[in-house]
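The next part holds the structures, each set out as structure tokens.
Shared chain: chain A. Partners: chain B in the first complex, chain C in the second.
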Partner chain A sequence: MAKVHEITVWARGVLQDKEGRDVINIFAKAAQAEGKHAQAFDNYEDLPDRVLVTVRKYVRLSDEEITHKYVYTNDKPEVVVICEATIVKGIDVLRGMEPGGTLIINTNRSIDDMLKLLPNANLLATIATVDADAITGVRTVDFSGSEGGVDTTGIGKGIAAPIVGAVAKVTGLIKKESLAKIVSDVSGMERGYNEVKIKHFKPAVAELVGAAAGSKTKR
Partner chain B sequence: MSKEDNMAKALPGYGTIDVPKDRVVPFGAVTPAPVGTQKLFQTSNWRVVRPVKDEEKCTRCLQCYLACPDACWVYKEEDDTLEWVGDFCKGCQVCIAQCTVDGALVAAPELDFEGGVVRLEKPF
Partner chain C sequence: MMTGCRAAAEGAKSAEVEVICSFPIRPYTAIMMELAKMVANGELNAEFIHGEGEHAQLSVVLGASAAGARAYTGSSGVGVTYAMEIYSPMAGGRYPAQMSIADRTLDPPGDFGSEHTDAMSTRDQGWLLGWACSPQEVYDNTLMSYRIGEDHRVMLPQMVCQDGYFISHIPDKVTLGETSQVKEFLPPYRPISPLSLTNPVSHGPQIRPDQGAPMDAMRAQTFLAIPKVIEEATADFARIFGRKYDPFVEQYRLADADIAFFIMGAHSNTARAAVDKLRKEGVKAGMARLRWVRPWPTHQLAEALGHVKAVGVVETSTSYGGAMRGGNLIHELRASLYDLDDRPLVTSFMGGLGGETIWPADFDYMAGVLSKMVKEKRTDRYVYWLGM
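On to the complex of A and B.
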């Protein structure tokens, strides 16, 4: 099986439930439009109908058919997206991530401020911030499209648009043009793509040693 | 016969099921208050803002203490102070809305503080 890219999105219950779900649905639809295979799930195990409670949304992309069906949670997220920055204080958002992962946060605070709140930031190869709330100022509060229901409100009208733009730029997993065909707020998406702040880390010594050992055993 | 038993007798269907004496449960129940006792009910990670009190302005009217749904304001009579129990405060701001003095209790972004939130492994 080809590599499956796992993206986990964290949002706040009710207030960001729709926006978080939009992020995964936009990504999955754009990936499918590019001929990739995609799965998107939201709200399994979590409490989306309680205001401010943390909720997760999951999307997986792959070049081949994804065979681990019926597993909703992403156990080893490669990319973690945080729709509301305070979540990093209250949850171990990098849990399960293997070294070399990516974290993208919707915040107007600096990357260094965010790093101070992450006890396991050494897992990251990339961290990025995007001020999605300043870009659109819109948060769609709606349960449309949840639990497999039909989405009647349209996707990517609020903060989800700049967030997906930022994620596309940082990860390179999806083309901006594919997103533009799906999101309602195309200019918001483009501003997220252009305005995201990115910081890359050099791989830690331990990783380099690991990689060298790996290549030796492969021969 | 206790008051509860009399109330039960007034209900339709009373006595139609033969419940063994040791399985009978009285009406109502006592559950411990959330603060300090229900370790699994730590809701601090719901918080985006936290209530911050201005000691100078606060008149100890105790409206915040009465209003908090999670009993996060604990009044210490000995020294006339109110202690905030941050591990259980979910940032609902009801206390701020009920405060009787302008500016005595205000919302501050949680990100302005380094700690104070119980970091959970999984969503609540």
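On to the complex of A and C.
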């Protein structure tokens, strides 16, 4: 079976449900436009109609057709995207990630501040922050298009736009030009692409961070 | 790309349903949500009624259908069973309304996951009952079921089922029909004897016991005539829309197969990939996917599976205490094969329960069991519970 790249997006219920879903749909559409095979879907056990609960959204990308469509969670995410920074405090957002992964957070805090909240940051080869709230100035665009439906209001009007821009820059999995054809807020997407702050860890440093955090995860 | 829920709503829109009755329950809710948006936006001219429960939903569409409207409703899980009383009056009254089901486990405990037991519980109520394995097939079955159900040789309500979440919530490619194609395929609903102010008729009167048996026999007779109508509609659908389905049983690499999976719904997609993998490894595997549970395609199954040496029924429903101790499909499959001189060995695998996925490795395991049965020319078990 072909290698499937997994991206997991964490957001808050209701207020960010559409934004979280926009991130995965934009990414999947852009990937398809580039000739890749892609899946985008919501986690079904989460409760998106409860305000502020954490909700997960998944993207899968592959160069070949994804034959097993019904693995309903991303068990080994290579890239984790956090739409609201406080989510990292209560939840092990990196669970399942194999060493060498990428974390991208929507926050105005510094990368070093965020690292303090991540007990297993040694898994990361890359961490990045983007202040998507500041770029778009609005966190909730619309409550419509909830689970199982389609977004009739257009995708990528809110924080999803700078977030996908940041993801494209950090991961290189998708081209900025492909995103520009899909998102409603193209300048927001480009600002996310340009303004994202990135920190790469050399393997040795990543191991040190892991040791300091007391993690037993081996590279 | 769209989900099965959106595809069902698009199907209802294409069919220009006239009365819709909703009540929320995951995962089918999104069908009604999408239809509500279509009605509100003026894309669909239908009466949208919010019922006070599933029993009311079915009652409303019964009335609408009796008055001559093309009516549409749907549900999931315990919503399907809450409406139980109304299934037999709708079938007995010959009201060809449609109910779209996104399968969900029954309680207890509360679980959103897909399981076919909800709709399978209604299989003896006289409805047409069929399963889709993709959002595209949900759209297509919505149109085909109306066409078949409203045929005057049939006049029966239809249940269009899709696995909750796997089909209802995971987007896939869907091609919608052109208006001209839909118009050619699906003529307007012509009720035979509708409720009318100018031409008063009685519907659903009380009868005497001696009138019951003839009526039941007539309904059984009707079911004998349905396969021909299904074949015609499926062929017409292929001609007009260019998408060809096996009317009753999809046969995948089955012609020279030694072992076969018998399955319906979403997990058939995984089964197809598993068959390809097994073939590469030299195992002559195949798959038969059931499209209609009612009417049950007895002879078509005997024909499709008669030459296979061992069949594994992949059950995504439960029939506790049943003859085979597991699910439902194996009972009818074994009955379908019983009259063959050299019938296949048949066992069943309980999988996908509670909404759990059926993994590729599960199919490898099942293939191992089936190959062992072929080698030993016997089976000593009716049922295997996957992952237990």
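The rule is simple: the second predicted complex is superposed on the first by the 195 of 219 C-alpha atoms of A that agree within 3 Å, B and C clash if a C-alpha of one lies under 4 Å from a C-alpha of the other, contacts with A are read in each partner's own complex, and residues count from 1 in each chain.
In this text, contacts are C-beta pairs under 8 Å (C-beta built on N, C-alpha and C of every residue); 3 or more make two chains touch, one makes a residue touch a chain.
What you see is a predicted model; the values in this text were computed from it and never measured.
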Determine, for the superposed arrangement built on chain A, whether chain B and chain C clash or fit. fit
Chain B versus chain C as contact partner of A:71, first or second or both or neither: second
Just chain B (first), just chain C (second), both, or neither: which does A:116 touch? first
Contacts for A:136 in the overlay, against chain B (first) and chain C (second): which applies, first, second, both or neither? neither
Of the partners chain B and chain C, which touch A:45 in the superposed model: first, second, both, neither? both
In the superposed arrangement, does A:95 touch chain B (first), chain C (second), both or neither? first
Would you sort A:16 into first (chain B), second (chain C), both or neither based on which partner it touches? neither
Between chain B (first) and chain C (second), which does A:178 come into contact with in this model arrangement: first, second, both, or neither? neither
Least CA distance chain B-chain C after superposition, rounded to whole Å? 15
Intersection of chain A interface sets (partners chain B, chain C): 45
Listed in rising order, chain A residues that touch chain C in their complex are 1, 28-29, 32, 39-42, 44-45, 67-72, 144, 146-150, 152
Under the touch definition given earlier, write down the residues of chain A that touch chain B in their complex. 12, 45-47, 50-56, 84-87, 89-92, 95, 107, 109, 113, 116-117
Could you pull out which chain C residues touch chain A in their complex? 1-6, 26-27, 29-31, 33-34, 37, 41, 112-113, 165-166, 168-172, 266-267, 269-270, 273, 276, 355, 357-360
Seen from chain B, its contact residues with chain A in the complex are 44-48, 90-91, 109-111, 114, 117-124
